[in-house]
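Following this line, the structures themselves.
One chain, chain A, links the two complexes that follow: it is found with chain B in the first and with chain C in the second.
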Partner chain A sequence: MLSWLVRRLAYVIPLIWGVVTLTFILVSLAPGDIVTATIGDYPASEEYLAQRRAELGIDEPFPIQYLKYLARVVQGDLGFSFANRQSVLPLVIDHLGATLILVVAATLLAVLIGFPVGMWAATTRFRTIDTTINVLSLIAFSIPTFWLALMGVLVFAINLGLLPTQGINTIGYSGDTFGQAWDMFQHLLLPAAALAVPETALMIRMTRASANGVLNSGFVLTAVSKGLPRRQIIRRHVTRNSLLPVVTVLGYTFGTMVGGSVLVEKVFGWPGMGSLLYDSVQRRDTSVVLGIVVVVAVITLLVNVITDIVYGLVDPKVREATIR
Partner chain B sequence: MTIDQGITKEQDATDPGAAQPDRRQRRWRRPSVLTTIALVLVVLFALAALLAPLISPYDPFAISEAILEGPSSAHLLGTDDVGKDIASQLIYGARVSLFVGIAAGLGSLVIGLIVGGIAGYVGGAVDNMLMRFAEVFQIMPAMLVALVIVAVIGRNSTLTALAVIIALWPQSARIVRSQFLNLRTAEFVDAARISGTPAWRIIAFEIFPVAFAPAGVQASLDVGRGMLLEAGLSFLGLGDPTTSSWGGVLRRAQPYLSDAWWFSVPAGICIALMVLSFNVIGDALGNRGNNGRRAL
Partner chain C sequence: MRKYGRFKALIACAVTALVAVGCGSMNESNSSGGGAAAADDTFVVGMSADPPHLIRLFLGDVQVGLVGLAMEESLVTVSRDKKIEPQLATSWEMKNPTTYVFHLREGVTWHDGKPFTADDVVYTFENGLGINSGTASLKDMIKSSKAVDESTVEVSLKSPSGAFLAMLNPMSFTILPKHIYDGTDLEENPANRAPVGTGPFKFESWESNRITLVRNDNYWGDKPKYAKVVFTVLGDPTARALALKKGDIDYINSYDVTFEAIKQLDEDPNVKLDIGRASISMKMFPFNTRNEILAKPEVRHALFQAINRDFISKSVFGGYFPPGHAPLPDGHWANSGEVDFDKLYPYDPKAAEAALDAAGYPKQANGIRFSLTHRYEASEPGGEKVAEVIADNWKAIGVETKVVQDDAEVFRQEVFSKHNFDTYTINIASGADPAIGLYRRYTCDNDQNAVFGNATGYCNKSLDELFLKANSANEQAERTPLYTEAQKVIAEDLPTSILVQVKYTEAIRANLTGIEGFFHPGEVVLLDWSKIGPPAA
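And then the complex of A and B:
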């Protein structure tokens, strides 16, 4: 078990290296640099520009810059944000919390709604119910989250006046801890729901496919032949076995949701990583953009490793199969 | 698994030869109602995109005095905050959306077939390396990859399409790879190999026709994903500034949500309908001939 864990973690490190390298190459393809971006059209002398570049360490040849960046990443230093006058890592971590709240809330919604509905679709004896759920989930999967978010604002905030539209809490609001939590919950509801819709649809389809696979397996046939009641078979044999593959998918959807949260955060002014990424792109704050991609990749990998470990603990067959 | 499941149930049960590729091709089924609607919608939007200069009532960039006016006979879907006709913008918007979507579908299909095919057929270290490379792309959310590329390199439709392809290709590569991996040792491939068929013929005429179907399904889904990514990028203001796009319309509509529903609602419906159509088509393609019999 321990050696399996070590191998699993050793597998992760080259991937992180790959992500860092790839993003570094991408970001360095940009025409212009932070110096030209901050100075703009102001007529600056070539000497001054060269001096600034030397100060920032971006006058060196590409391979040197790359190796230096790698060395710093290994030490947990993701560089300095010139727009925010702050180190990148603490800056990203500051914004990580808000995004995590959003993503975790949306994941919870997706699982709590998606799994039962998917099971229902797979086990129902009425083809119309199955078809309806399937079509609805296809529709939910196709609606752009940011438009859904806009429509949510239009209906629940503007027309009905039920929910706030901007930010993570009411500015200047001071109440007890419970009051503040309630305030944040109200702000969280719309963005989390918007983010959860396509994820719920994915969950339904995954559960349905997984449960259909289980229903076709031999042990269900055995249970039926034994004369076990239908409800008991579904609850004891089908549900449990359908859940496992669905849990593994959660690891991968985490990344997708962080991607989706860029748009949702933009609509709601949610102060998370998505907003930070958007602002940094606008300001050409390269080190922050790089830092965010690296942090998101590392977290996605961690979530994957954790789901794998949980999965491996539960099911030894999987443990054998994932060793490559 | 969708609506047309019932039609072939008996057929599959009594058709043991269904697994052979040549038999499979002959079984063409009538598409379901939903699939037909999706196909019609795709054709309609494609026509709108192709004939945009002929059918759009106004120049999508023409500013006018009519600011934020509701739908009327002069402006079917009203006007936006600077008096541009929204219907015309949506008609032109179909161009960008379809271009990026179809480019994403075809592009990741081609890359997927090449990379996945090599990885699956050659196997071993080559397979391992290519798949790790694909994985690096998969760890990064597609939206982030596309966003960084467009933000860094520049804003035009071709680049958006490229960025979307780069973000989406690993999935189809994985699918093609697993197909090749399974088929490489299939009996009919072995038979071909034993009878002295050259490798390129095996790949092109034995494995490829079978592996193409699941890759095609993925390509259809990738069209939808590509359209969503394009809309998202335009919504963030990273779209091509010289064309009008659905996401771009929504970006400018956000401040006027409460004043002008015609500004924000139709554009979103266009995106959703187009993406849905391609997803329905992909779903229908994917469900052809996969029905197991189950006990419960």
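And then the complex of A and C:
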């Protein structure tokens, strides 16, 4: 088990290196830099721009900048944000918490709604229910999150007045711990729901397809011919086996959800990494963009490792093959 | 066989949970106001982006100004009628044309309790200039500064300048506390994100996208009515407007009110839009005189004359932004109103066609005289629609237009470095003084103006001389005629024309008190915090 885990983690390092290198190249290819981006509409001479670039160490040739960056990342130093005048790592970690709350809440929503609905669609005897769920999830998957978020604000915050429009909590709210948690929960609901809608749809479709496959497999046929009650077959054989692809998708969607949270965070003024990433791209604050990519890559890869472990727990076949 | 009640139960559970939460929050907001706006003594401002830090002296960024200038002050400020008036200096005199003596306000303390003295002012002049490119010209202007005593500062200039005092206004210049910054790396000082100033508000906290300031009870001037002001970031313009509609935020600064938001908020009785303020920004429309066709002034006249500015004003900007009449905005102190594009170049496609024929560019067999490339930056408000109108108007007179939309950085490179354009649009503020805002757009001295300067290739030495004369004159009464002359030259040569005057629009909750006095008519981030107050009980 331990050696398997070590081997699995060893794969993570070249992957992170690849992600860092690719992002570094891409960010360098973007026109402009932090100096031109922060100069605003004031007149500035080329000498002034050159002097600023030298001060920030961004006048060096590309390979040197790249190697220096790699050397620092290895030491756990993600660099300095020139725009925020702060080290990148604490800056990113500061914003990470809010994003994690959002993404975990959305994942929970997606699983709690998506899995049962998907199972229902796969096992129902009524074709209309199956088709309705299928079509609805296709629509839900296709709606742009951005638009959905704005509609959510319009309907639930403005027209119905049920939920707040923005932020992670009420400004100046002072209550006991429970009050504050409830306050944050209210603020969390709309952004989490907006982020969860496409993921839920994906979950429904994955679960349905996976359960359909399982329903047609030999051991289900055996169980049916043994005369087991259908309810028991579904619970004992189908549900558990249908979970496998779902777990895989969960690990995979985590990364896309962090990406999707950029827009949702922007609409709801949610103080997470998405907002930070957006502003940093605008300001050409390269080290922050890279820092966020590195942190997200590490988290996504770790989630994938965890997914593999869970996979083993769920499926004895996988456990046998990988964990010796 | 029974159906699978278990899954249905799960779904039912999930749905019930969602509904319950919805109902719960409704009860909450009805009873205790949970999820609604902040407390009555707190003023909430919605901003489009997080500022990188809060020191106005170091960055001419809108958000830095909005938050920073609630805490930081300069020697002088600009009054509502655009005159220089005292702030931390109570009075000043000119010993001779190049020497200014400032008498500082006594008894003023920094937010940390230390006294504000002449040393702080001298320290700022000597160390704080040039970090922001906006203060580079001020740095070049000053020969030396010294503290005569605790509350008197003497500043010597290299040459006389009528723009000096205007350049000291807090839009570009604020005083740093010497005891915090002395001996440190100014740009890395932690106080940049937790400023110590002398202004009406004190810094309290900065938690991710929320900055909280509290009232400075020792403020030397009129104290704010609000005990707290919170600046929060809402990046999406529509979401920002919706939050104002709901009352989750109280105010959006005009820089952050997009044109789309104006339409969205216009009908809402709970929101007051303040559109009627003097414009300081112009949608400029420069020609590239390096193009041999555009090198001829008569061609530039004709092309400008063929554009229906009235239509742009009405259809693209809903009539909110009036057409441009002169290089300077209507009502600007340096604009005497003698130059009027409506009289010089009224919309007249026929006259334009005749002029182009006369200039030697008749329509060819395919009906086209020549073609031009027009660029605009993607985020420019109305840029795309304005480009459509221009292309359409020019098509009518046989000029083909290739329209190119650029990302901000590409735009800067293509236009200001490579001069790869025939025409472009840009919103440019005339700045604290025409010596800054107007001069840079027309001067021959392009090395000084690499970014957002004069990209047209136009150079007129006598115009430069006029500008320099106007710049060094000391009284507005002396300067206005000189700027009128300069405007006449520009209108005649027309290297750059003006399409519309961009009016800034404040959006604020209508039930607040003191809204009128809160806003500054010219400088959009200069706010009078002593005026704005909670709704009357």
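Following the convention adopted for this analysis, the second predicted complex is superposed on the first by the 301 of 324 C-alpha atoms of A that agree within 3 Å, B and C clash if a C-alpha of one lies under 4 Å from a C-alpha of the other, contacts with A are read in each partner's own complex, and residues count from 1 in each chain.
Methods note: a residue touches a chain if its C-beta (ideal position, glycine included) is under 8 Å from a C-beta of that chain, and two chains touch if they have at least 3 such contacts.
It should be emphasised that the depicted structure is a prediction, and the values quoted were computed from it without experimental measurement.
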After aligning the two structures on chain A, examine chain B and chain C and state clash or fit.
-> clash
Look at A:139 in the shared chain and tell me whether it touches chain B only, chain C only, both, or neither; answer first, second, both or neither.
-> first
After superposition on the shared chain, which partner residues are touched by A:230: those of chain B (first), chain C (second), both, or neither?
-> both
Of the partners chain B and chain C, which touch A:127 in the superposed model: first, second, both, neither?
-> first
Check whether A:154 is in contact with chain B, with chain C, with both or with neither, and answer first, second, both or neither.
-> both
Who does A:27 touch here: chain B (first), chain C (second), both, or neither?
-> first
Is A:84 contacted by the first partner chain B, the second partner chain C, both or neither?
-> second
Should A:68 be classified as contacting the first partner (chain B), the second (chain C), both, or neither?
-> neither
Please work out whether A:7 is in contact with chain B alone, chain C alone, both, or neither, and reply first, second, both or neither.
-> neither
Would you sort A:259 into first (chain B), second (chain C), both or neither based on which partner it touches?
-> first
Determine, for the stretches 56-64, 92-100 or 200-208 of chain B, which one clashes with chain C when the structures are superposed.
-> 56-64
Would you mind listing the overlap between the chain B footprint and the chain C footprint on chain A?
-> 30-31, 123, 150, 153-154, 158, 230, 234, 266-267, 278
Using the touch definition up top, name the residues of chain A that touch chain B in the complex.
-> 14-15, 18-19, 22-23, 26-27, 29-31, 123, 127, 130-131, 134-135, 138-139, 141-144, 146-148, 150-151, 153-154, 158-159, 208, 212, 215-216, 220-221, 224-225, 230, 233-234, 238, 252, 255-256, 258-260, 262-263, 266-267, 277-278, 281, 289, 292-293, 296-297, 300-301, 324
Chain A residues within the chain C interface of the complex = 30-32, 36-46, 48-49, 83-86, 94-95, 98, 112-113, 116-117, 119-120, 123-125, 149-150, 153-154, 156-158, 160-167, 170-173, 182-183, 185-187, 189, 229-231, 234-235, 265-269, 271-272, 275-276, 278-279, 282-284
Sort out for me which residues of chain B touch chain A in the complex.
-> 1-3, 5-6, 34, 128, 132-133, 135-144, 147-149, 151-154, 224, 228, 231-232, 235-236, 238, 247, 250, 253-254, 257-258, 261, 264-265, 267-268, 271-272, 275-276, 279-280, 283, 292-296
Report the residues of chain C in contact with chain A in the complex, numbered from low to high.
-> 1-4, 6-8, 10-11, 14, 21-22, 25-26, 28-29, 34-39, 42, 44, 46, 49-50, 52-53, 59-61, 132-134, 136-137, 187-188, 192-193, 207-210, 228, 230, 232-236, 238-239, 242-243, 245-246, 248-249, 407-410, 412-413, 428-429, 440, 447-453
